[in-house]
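Order as written gives the chain letters A, B, C and D; numbering starts at 1 within each chain.
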Amino acid sequence: MIRAGIVGGTGYTGVELLRILALHSEVAVTTVTSRADAGQRVDKLYPSLRGLCDAVFSLPEIDNLAACDVVFFATPNGTAMQMAADLLARGVKVIDLSADFRIKDVAEWEKWYGMQHASPELIVEAVYGLPEVNREAIKQARLIACPGCYPTAVQLGFLPLLENSVVDAQYLIADVKSGVSGAGRKAEISSLMSEAGESFKAYAVAGHRHLPEIRQGLQLATSETVGLTFVPHLTPMIRGIHATLYARLKQDVDLQALFEQRYQNESFADVLPVGSHADTRNVRGSNRCQIAVHQPQGSDTVVVLSVIDNLVKGASGQAVQNMNLLFGLPEQQGLETVALYP
Amino acid sequence: MIRAGIVGGTGYTGVELLRILALHSEVAVTTVTSRADAGQRVDKLYPSLRGLCDAVFSLPEIDNLAACDVVFFATPNGTAMQMAADLLARGVKVIDLSADFRIKDVAEWEKWYGMQHASPELIVEAVYGLPEVNREAIKQARLIACPGCYPTAVQLGFLPLLENSVVDAQYLIADVKSGVSGAGRKAEISSLMSEAGESFKAYAVAGHRHLPEIRQGLQLATSETVGLTFVPHLTPMIRGIHATLYARLKQDVDLQALFEQRYQNESFADVLPVGSHADTRNVRGSNRCQIAVHQPQGSDTVVVLSVIDNLVKGASGQAVQNMNLLFGLPEQQGLETVALYP
Amino acid sequence: MIRAGIVGGTGYTGVELLRILALHSEVAVTTVTSRADAGQRVDKLYPSLRGLCDAVFSLPEIDNLAACDVVFFATPNGTAMQMAADLLARGVKVIDLSADFRIKDVAEWEKWYGMQHASPELIVEAVYGLPEVNREAIKQARLIACPGCYPTAVQLGFLPLLENSVVDAQYLIADVKSGVSGAGRKAEISSLMSEAGESFKAYAVAGHRHLPEIRQGLQLATSETVGLTFVPHLTPMIRGIHATLYARLKQDVDLQALFEQRYQNESFADVLPVGSHADTRNVRGSNRCQIAVHQPQGSDTVVVLSVIDNLVKGASGQAVQNMNLLFGLPEQQGLETVALYP
Amino acid sequence: MIRAGIVGGTGYTGVELLRILALHSEVAVTTVTSRADAGQRVDKLYPSLRGLCDAVFSLPEIDNLAACDVVFFATPNGTAMQMAADLLARGVKVIDLSADFRIKDVAEWEKWYGMQHASPELIVEAVYGLPEVNREAIKQARLIACPGCYPTAVQLGFLPLLENSVVDAQYLIADVKSGVSGAGRKAEISSLMSEAGESFKAYAVAGHRHLPEIRQGLQLATSETVGLTFVPHLTPMIRGIHATLYARLKQDVDLQALFEQRYQNESFADVLPVGSHADTRNVRGSNRCQIAVHQPQGSDTVVVLSVIDNLVKGASGQAVQNMNLLFGLPEQQGLETVALYP
């Protein structure tokens, strides 16, 4: 059994890890930390876990975590970079769901995240945990930087186009809509149901932190310079991301075949039949990305629809997928759940 | 492997059976019928099942179902009673999720359901599939009448009080709130999101079809005459039932202990700690009923809060729980899912 | 023109007062206070008011308010009782939307609200602002205690029964469901959309602050001792309260006629036709209470359905209705809005 | 008093007309037709209108409508074109909220709407009722073709850019999100709350009927050939449209000033301050379009955010705005409502 620890067990990605790992037959969650709730039973805070999780929240201290085989960081940005080196030194593998190790350019990271990076040397080592791109490197890694939710949906949608050089990389548009759980379990007025319910809005149009992460990922797929406009929106539902992606075709190509070939061996990237639309509900609670590709009215604009559950493929499910790779388990293990429809 | 058939695979209880059985290791769904969609792949209609279900809808004919070990009816009322006798005669066990075999008094059934019963002789044989009451009978049955969603939540909440004769059975109140999936996958104006969203209402206050079913179940638990006021409401969410139950105590009693004892050996009836409230989200997608019991302000009124997912413990999950019992499998098999929170 | 001030202009009852008064032809809102947002334009925070409100938030100080003819307190409990005496002394009428002056028994108030009352002498003078009960007293008042949202819906539903002594007052049940705006514009995790959306729960079953207020109001309507069980619930929508009320009839009576007579001259209490159900959406944004009365299955239990918009008839609309009475204006002025359906 | 008739009074645009006109001091709604509900009181179907509307649904026959000064068609496509000529002949002005007279190219209309046009000669006469473009023509018209909901939000957002030739007209992208009331009050499975709630999807990516209407409107604003990709989405809320518009700038320009100048004299097109985002809730129930303009990261891509309430500025409110113009009333009359927040 793999002994797993979760730092930051009270946020949505933390409890989602607990939900997934509760039924993972090769993993025992031995440590769940929470500074605020230390000493309290996890299932007191999360009655959905009654009978499935005996853990008690402990303090997020290295000694509580060093006996683990792997530690997941489901923490705000800036925490994992403080603790990762110590854990690695004690032989613990680290899977970070926050943004601390995602961006290779330290200065860029510091600009967007507004703080000094505490372990820039680990950024080099960290493997970006998008298995559909980095599977072999992930298997060898000690430290995984799990992709953000927006970046997962956007990259999986754009990659087949960029890798095959069929679109103009300099003029990409990602119009992306997220459910409100993406904002986390934080007491903020803007996330109240009275504020976010029954309303739709864009936010951070001037620049969102996931922009450099997406651009970095796309740039690795093409030799052209990537130009990307990324507009995130908040949609009144709890889970789900829907990316609508626009690019200009440079040549005639069978888009459906291109996408199907790219993902033919992937368990969690599912290209829908020609003419489909992708509903976020069809991946709710599942680790799957569903993708549809269109060329409306025969124009030279390609439109890609890419949906994920932001807490699963966009966070905790992808983290477990990475863990499976790290420990040589079948990639799907513990992730077979069917989406909850309706 | 148990060969299972589903009649009426396009409604919400049908697709929920498919979701649950897709991961049940002892069951293969060999037949899924739909008159309207015969010939079409199931995962075309329900993309959430892609890769998990190869079935094609067939016509609901006996010959298509006779090779099954068990057939689930996820049909409107009035269908199972036409086909059950033929299937039983061919050695197929039948689990009916509709109301056809729930009420023992045929005249009462015909009054509330507005049609003549086609197999009154089978009503006698049918076992009411509430495992927390009828477990042993279920194991021996050929024909199971799965309880309705409201009746499940209300009975599990009231039973400990009635079985122990601690309340006045003549004045029971069940104020119950249901998510909109309880109305089924039917094109009706009242179930449109523009109608049912952002609004709350009672309905059928004059009399709802689940009233006689609940009354029958409660009456079996007590020698007193049961008097019940049942008011169903529609609440703007998709899944979940919350029953708020009121009764007058006849004596001092440790209510918490009473409930805990009653359900101490039950996997799917979970009594919450003293002082708890029961949230429907904590059972969303799970087969569990969570119950909290209160005696507000020290008065003689007991208030029970009982929540289920109407499509799982209120329908398809309970049907699979019954199937497990029928075939001697562990009762929890295929039903271990953790509720989807948030 | 009546010069109106609003203390606490950034909460939901404050902005709702601004919405209503923006179109009230006899009122000019001259002062809106907010400690946190002083100096900022109101329509910066609330773009819905652009072009309709030129006000800038000022500090909540007596000198900023003394030039008003009337001041509304849309503040947390405990603020109005600090400032009301000074304003009254300077000739300003006070309409308090908080709970400070609602309960006549000071000790009871202090128990439920957990603080010492700062102006107990004003409690005697304050008039409980439920026009359907206290219209004449309101017209003469200087200080109005606006009823709470739950108390408004529950009292209007029970009053015809109690005033006419047709039910057993000792065993009343109020099962009430509220939209989430009732929790206010406060950064609390329990009010996040990810927490409150797609879920239903009861809360404060052991005792809610509105219980003594409701009991006081009902007690004034009958010589019998009132016994009340009040269970509030949270329903996943923004606006609306639905009270489902249960009582035991002591005699045969034409319930429909009883209710219609009681409210025949009321603009804002609307008795629906026999057999109706009351939808919260039909009063969304309006100052109306809609009521339906049922006697299910001919039993001796009467069921009353009573709906309001918690921010209008349950708060700011009722406050304006009181203001109209105070200043001799037509009671409906500024409150003619039609509910927003769908 | 203007005598107004409404054909198709049972759909959402019909009842929204009734809501708005109920408080319009210069209009009396004298006729409301509904084939299905003829003979029934309007306020029986719509209890929100109790006390505000005495009308009884009549049959949609010319003789019932000929005494009106103006008739609104709130009907499915294909009805107004059958009746408009007769009404005009009898001196009745016609405001059509359906698509029958919106597209000048008859063949194009017939292709997208799948039927033969019954009055092509009236298409020439019909004035496209977007007051921000056609105000003077509207004042003189007999027959108004009210714009669709998507076209209103998209045109108002793009027009300042096209009229001033600051963007490349050949590569415009409109990523638009609509609440579910846009699908109308029709019993369709895809509009059920269980289907449309808690999910987000694009639809009709291959081609939506509003595409030619938008393209026609944009083309009139520029001498360049317009190339438009239009992707509509369904978002889980009832009211509201949010258009996110993308275009490539051809030159440096003060975008904020450009937009403010364009709409400086408009009551219902409101340009938000620099850096704003536009929330649909801030126009819910109001006739206003709120617009924000951004140039993210200093690139040459301009992003316009444009929001309306699809049932008000996107349908019935705009129809009343047109009526006010037709009859020489102040353009804002009856449309002063403040958006319902929260």
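We adopt the following convention: contacts are C-beta pairs under 8 Å (C-beta built on N, C-alpha and C of every residue); 3 or more make two chains touch, one makes a residue touch a chain.
Predicted model only: the values in this text are computed from it and were never measured.
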Common contacts of subunit A and subunit D? B, C
The chain whose C-alpha centroid lies farthest from that of subunit B is chain D
Could you work out how far the Cα centre of subunit B sits from that of subunit C, in whole Å? 39
What whole-Å value do you get for the distance between subunit C and subunit D if each is reduced to the mean of its CA atoms? 36
So, what's the distance in Å between the C-alpha centres of subunit C and subunit A? 45
For subunit D, residues that touch 2 or more chains besides their own: 12, 181, 185, 194-195, 197-198, 236-239, 279, 281, 284, 342
Of all residues in subunit C, those that touch subunit B in their complex: 171, 173, 175, 177, 179, 194-195, 197-203, 205-207, 211, 227, 229-231, 233, 235-240, 242, 244, 246, 248, 275, 277-281, 284, 292, 294, 296-297, 299, 301, 303, 305, 307, 342
Complex contacts: residues of subunit A adjacent to subunit C: 12, 180-181, 183, 185-189, 191-198, 236-238
Name, in rising order, each residue of subunit B that touches subunit A in their complex. 12, 15, 19, 22-23, 44, 46-52, 181, 185, 198, 238-239, 270, 272-273, 276, 279, 281-286, 290, 336-342
